[in-house]
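Chain nomenclature is as follows: A, B, C, D, E, F, G and H, assigned in order of appearance, with residue numbering initiated at 1 for each chain independently.
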Amino acid sequence: MEKLTRINYDDVAILLIDHQSGLFQTVKDIEVQTLRNNVSALARLAALENIPVIATASEPSGPNGPLMPEIQKLAPHTKYIGRKGEVNAWDNADFVEAVRATGRKKLMIAGVLTSICVAFPAISAVSEGYEVFAVIDASGDMSTWSTHITMNRLQMANVIPISTAAVISEVLKTWDKDFGVVSEYAQILTLVMPNYQALIESHVKAQEVALQNNK
Amino acid sequence: MEKLTRINYDDVAILLIDHQSGLFQTVKDIEVQTLRNNVSALARLAALENIPVIATASEPSGPNGPLMPEIQKLAPHTKYIGRKGEVNAWDNADFVEAVRATGRKKLMIAGVLTSICVAFPAISAVSEGYEVFAVIDASGDMSTWSTHITMNRLQMANVIPISTAAVISEVLKTWDKDFGVVSEYAQILTLVMPNYQALIESHVKAQEVALQNNK
Amino acid sequence: MEKLTRINYDDVAILLIDHQSGLFQTVKDIEVQTLRNNVSALARLAALENIPVIATASEPSGPNGPLMPEIQKLAPHTKYIGRKGEVNAWDNADFVEAVRATGRKKLMIAGVLTSICVAFPAISAVSEGYEVFAVIDASGDMSTWSTHITMNRLQMANVIPISTAAVISEVLKTWDKDFGVVSEYAQILTLVMPNYQALIESHVKAQEVALQNNK
Amino acid sequence: MEKLTRINYDDVAILLIDHQSGLFQTVKDIEVQTLRNNVSALARLAALENIPVIATASEPSGPNGPLMPEIQKLAPHTKYIGRKGEVNAWDNADFVEAVRATGRKKLMIAGVLTSICVAFPAISAVSEGYEVFAVIDASGDMSTWSTHITMNRLQMANVIPISTAAVISEVLKTWDKDFGVVSEYAQILTLVMPNYQALIESHVKAQEVALQNNK
Amino acid sequence: MEKLTRINYDDVAILLIDHQSGLFQTVKDIEVQTLRNNVSALARLAALENIPVIATASEPSGPNGPLMPEIQKLAPHTKYIGRKGEVNAWDNADFVEAVRATGRKKLMIAGVLTSICVAFPAISAVSEGYEVFAVIDASGDMSTWSTHITMNRLQMANVIPISTAAVISEVLKTWDKDFGVVSEYAQILTLVMPNYQALIESHVKAQEVALQNNK
Amino acid sequence: MEKLTRINYDDVAILLIDHQSGLFQTVKDIEVQTLRNNVSALARLAALENIPVIATASEPSGPNGPLMPEIQKLAPHTKYIGRKGEVNAWDNADFVEAVRATGRKKLMIAGVLTSICVAFPAISAVSEGYEVFAVIDASGDMSTWSTHITMNRLQMANVIPISTAAVISEVLKTWDKDFGVVSEYAQILTLVMPNYQALIESHVKAQEVALQNNK
Amino acid sequence: MEKLTRINYDDVAILLIDHQSGLFQTVKDIEVQTLRNNVSALARLAALENIPVIATASEPSGPNGPLMPEIQKLAPHTKYIGRKGEVNAWDNADFVEAVRATGRKKLMIAGVLTSICVAFPAISAVSEGYEVFAVIDASGDMSTWSTHITMNRLQMANVIPISTAAVISEVLKTWDKDFGVVSEYAQILTLVMPNYQALIESHVKAQEVALQNNK
Amino acid sequence: MEKLTRINYDDVAILLIDHQSGLFQTVKDIEVQTLRNNVSALARLAALENIPVIATASEPSGPNGPLMPEIQKLAPHTKYIGRKGEVNAWDNADFVEAVRATGRKKLMIAGVLTSICVAFPAISAVSEGYEVFAVIDASGDMSTWSTHITMNRLQMANVIPISTAAVISEVLKTWDKDFGVVSEYAQILTLVMPNYQALIESHVKAQEVALQNNK
């Protein structure tokens, strides 16, 4: 079956699973700074467009460490679900109920580790009829092979891989919006693409100089 | 469904989306020089075989920068479509109309960034019945992971990935053509494969030397 | 067909094929130390949860070398099947019979080389109705291209790729277990993720210090 | 449809397309030495098991250069088909006829460049009912991206990717053969796996020493 | 002559040369985000310990773009020197005079591009008797070869390569300081080592939990 | 001055600095498993040949975490020196005194991070007349650039870089020793070279088989 | 002895050795396109500033192939010296005489292969009192190891490694020149840094837009 | 002191140390096929120019395995020295005497592992007045870091690193020799540079075709 879906802000929920400071140390397929930036970008997007966010942590009192604080800081409307030891967040009834309560049928799932914390609930959610996207670069895994393995496994389960920048851009849909909204989107994208920040700085300066010289 | 299509010059249109000097700075999965060469090769191919080309840019007055000038220089018949802020070119009615007007049903799409500017219209075009190819190495993305992610997503949407050299060679079909056409194809291929240029230089020299010595 | 399966300890058998000291020298897609650790982790998991293990070696008297001894040491219940020269373990009737005797229908296959010793029996087992998983990072291959090739071939044959850590975590299912079992799982996971070991050491120390200071 | 095929020496033909000294210079995804060794291994396998081989070259008088001589030296029964400029070997009637004449339905295709010389005839052959395997590491392409792109395209066209070592091992099927045949297979495999050669040398020496000491 | 120098805050000046948003786009040997973080860390260090900072930009009105604003924001005492087109900052008399005015004899030089904007003034400064350190990872260059080339050239000119973290740690000298200073150093180091941030988060949480449980 | 020194067990002391579980998480230039193995190998070597070992940790009660326990377990004669916040271990009088007390003039220094915890005391020790070796692969740093930078800086300070395997082999000097000592050296080397372990397993098996067959 | 030299256009000669189309095929440490661009940039620089260029080829009638034509096209004043089989260009009396005739004492040497065609004459020239720079990225070698080896060997022989961009920038010295000269330098630099071309395009566009909007 | 030496066939001896099939399995910084080819090339060079070769193996009856047979096959005049357990070949009096007996003062040393079997005797030989070259790519080491470490250590000991191709080319000195000798050199170089073989094949073919067409 062709996967031809499109994503708008009113049919999406974002699930952030086990983005914890201890687990970050086991991530080898992406720089931790980049990973945190990408998760922060999703949080800001959610806040901007009122997209439901559900966050959960596995054993935050143990070596896995606390949830990264940026999530709740940038998206204060995030619903946090404590788990009772379940590895697969979908095995936790509260979590599943929270997802259902959003009423959304398209789920963007990111987490650490991709092969476990993303893959298990993603496959479970597909089996219950959700359309599921795995936001691979807002997730982290223990080796690059593990990420390749997981992407193939997810493909076989009809979970669609997507990048953080693509999620943001599909929700954005058009730049023809209020200046404030456009500015916020630009800032969100610079989190994901540091070269874009330099681009904007250069652009603004070039225009200032042109106008200055033109006086 | 097996994807067993073949590509000839009379059933193809080429869509070049957002090859802009600002966006080039965010490309990390291919050298900018190689990317520009590959796009130029598609433009020359289109000019040679009268393949329709539609180019479009997102916000060319902003930080994304102007369209790379080689496109319109090498393929002066390129139709340029200005967009009104739409991220997905397929959301712009003029663009869709321009594609329809070509009468072609096989679309070669390249663009920057692959995960956004290629992926979105590619998926949209499939949903309207086009056979869509994503020319991955005439496109650029913000990380190698993003390209892997996007190739898997496109595969799930029945978009066929293809390389620039394969597009040129499928349209070429046979070297049994006029010398002038063959020469132009050889030059187009050296844009895509710099080692091929050295190969031709060595070959010509070797033959000159043999004839010289034989006198 | 969507592959939405879940793995529990009572529906799984583990097949370890040709993890031999000679063949290890031909492995280029993973460090030998990491490969041995991952196989050892599967053996400990099997011992902990009474998962059937069948091990086999190809020509252990020849240059391929002896089976790595950790398997039988860590999982003494492993059934060893000698082969009579067959490359594909599934061509050996004793091996197939041993698999059948377990009564399990989900097979986790790992081996060296992935493209041969894993791929051949995996495809054979699918054709006889088993649900087959290839544990890619408890296997080794002669080049990274060979691993990519094999993963694609296996996907086309409906063999699901999986990582060692994912196998362990899916069998674990929940951390809400006896302390002894939880401890054993933690040690198994540190075999697969050396950074996790350092994480636990730091965590324990931090808590000791906090309590010490609090006295 | 699941691709669960097995390969034996009596249902296979090997097609070697454009392994030419000039084109080798454009190959960037594999070392030229390794590529030549892998092609030589297929030739020796074919000679040993009387597998039909069809070789063809594109423009061997031009910069693409002559066919690598090892093919016809190691597999003298190779049928050589000259083409008349066709890029896709399947567009040449003599070539297609030669394939048909073998009576084999499983085709192992290798060539340079993978994205062109392998991909085009592979897709064409599938459309005429052949079961087609692309021997990726006996082929070469102009970039690693191009190989990834091509493997995805081939997968969508139901062409199965396979490694040289896997082809040899599936045809071998069992080591329980005459000593002479086994020796030849061992030598063929050392072409593909240089570490295997050192393994055999060490093994022989270790046994000599043991017997010497035991006298 | 052995280079056995040690660095303390009262014998050092920091020179930041051409960290401009346009030039950042040409940097290929380090992630732009990492480069900016490392420069920001030097600026915060300078502000904390009253180390003189001299910043300069080449043609900030042209395509090279404006100076990154973090420098003057984090280290408001930075002295900015405009140049009149000189490539080598040491060819600008105002710049040399500003360096002399600091009275410091150990110069930490960072800049973009390393091979030009760092190498030229570094060599010039050595020739006037300064002890010069090149902070390689607070600098960026156009290729990894260029960085290797430049490091060798600098070594031959007696310029000492150093990392940002080493500069910070040598100035820190001891953690036996006021809590406020220690906290600031910890934050500076997390800019340079994102994994260190996660480490601190985990540590604090582990201690909170221990104390909580102990109540 | 040429550095032509040789290393024997009676002129050497080993200094292990800040091999702590927290700091391990910041190491990016070597796998943590490999780093720990190499440090363990040095500890076993020291125990075997009565080489003095001095270990020290920076702030083991804080986020840097506890010293890796293998050191004191494998080399119980290790002298542990607590520091009072000094970054450079050589700034701690107890540490310097402990080094002096060994009477050794050749120091093998390893630590985490190489650019800080190894480089600073190494340079200090050279300035007091010691001959100093930096055991680079028993150390870890935050990036590969940082290691390259540090190796160049150390070379300029006359600190000699050396690998763990070279240290062991120079101390070993000859295999013409008691069987027990030779066995211990073989085990130490397999810690550093996992492929060597497989080599020994294959060798032993090959000889067993030869003798078995010869009966 | 410290190497503190500076390079101006009146004390330099450029020696281009064996940049031949056949030898280019053996280059593995740099893309052929990039290598040719860098050599072309040196040729344009020489033409602009009247820097003497001496080019030589080894056996251009044989498999090494003809000299790349860009050199003589972009720098028509290039003096070409035919050799009589000598590997080391410095063994050819005509070549040495041509160098002497320039009267320049600072030699910029580039060539293919670096380890042979650059290293041999570079070492010879140092021994006759020249100050010699090896332009590493306008040269190519057969492996990255070979380049590292050669850079170390050259350093030991007091040959200074330098990048193409650094040569251009040191000769440029200041941007405070006639507009025509500045434009030519900008174009030369875009040959070496393709991202710089996009930077200029964006800058010009940004200024046009600003002025347009301001009307 | 500048190292400006040149190498001719009458002042050189080649020392090949521990190129054994077991040790080859521990080599990670170069492909085993490439390593063996490079050693074979040195052996053929020595046979061609009557350069003395001394080979030695460490414990060839143990897991290190037998000496690679190509050495004595291609250079039958090789003198083999058995050692009595000494790690450093220079600690064996027979080996040192054999070197002295050659009367040569420039030693080309290659071996496995570079950090041990090359580094130790190289440093020892320098201390006795030899001029020593380490042929890095005819040697192999256990990691790329180990090779970098060793190259720096050797540089500090005045051992000059060199590539196999450079050794051959310096001994060759000029192509102006008898056709038979030139042919042998060409074949030796194709062992080291597989692309060179394809170059010659293409060249010969191009000339044949030119002459054929000219008839």
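The rule is simple: a residue touches a chain if its C-beta (ideal position, glycine included) is under 8 Å from a C-beta of that chain, and two chains touch if they have at least 3 such contacts.
Computed from a predicted model, the values in this text were never measured in an experiment.
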item	value
C-D compared against C-F, more contacting pairs	C-D
Chain B-chain F separation of Cα centroids, rounded to whole Å	54
Inter-centroid spacing, chain H versus chain D (mean Cα positions, whole Å)	33
In chain A, residues with contacts to at least two other chains	22, 25, 63, 65, 148, 155, 158, 195, 198-199, 202-203, 206, 209
All touching chain pairs, where touch follows the definition stated at the start	A-B, A-C, A-E, A-G, B-D, B-G, B-H, C-D, C-E, C-F, D-F, D-H, E-F, E-G, F-H, G-H
Residues of chain D touching chain C in the complex	2-4, 6, 29-30, 136-137, 147-148, 151, 155, 158, 160-163, 165-166, 169-170, 172-177, 192-193, 195-196, 198-200, 202-203
Sites on chain F touched by chain E in the complex	22, 25-26, 58-59, 62-65, 84-88, 91, 113, 115-116, 119-120, 123-124, 126-127, 142-143, 145-146, 148-150, 152-153, 155-158
Chain C partner contacts - residues on chain E that touch it in the complex	199, 202-203, 206-211, 214
Of all residues in chain A, those that touch chain E in their complex	21-22, 24-25, 31-34, 36-37, 60-61, 63, 65-66, 68-69, 194-195, 197-199, 201-202, 205-206, 209
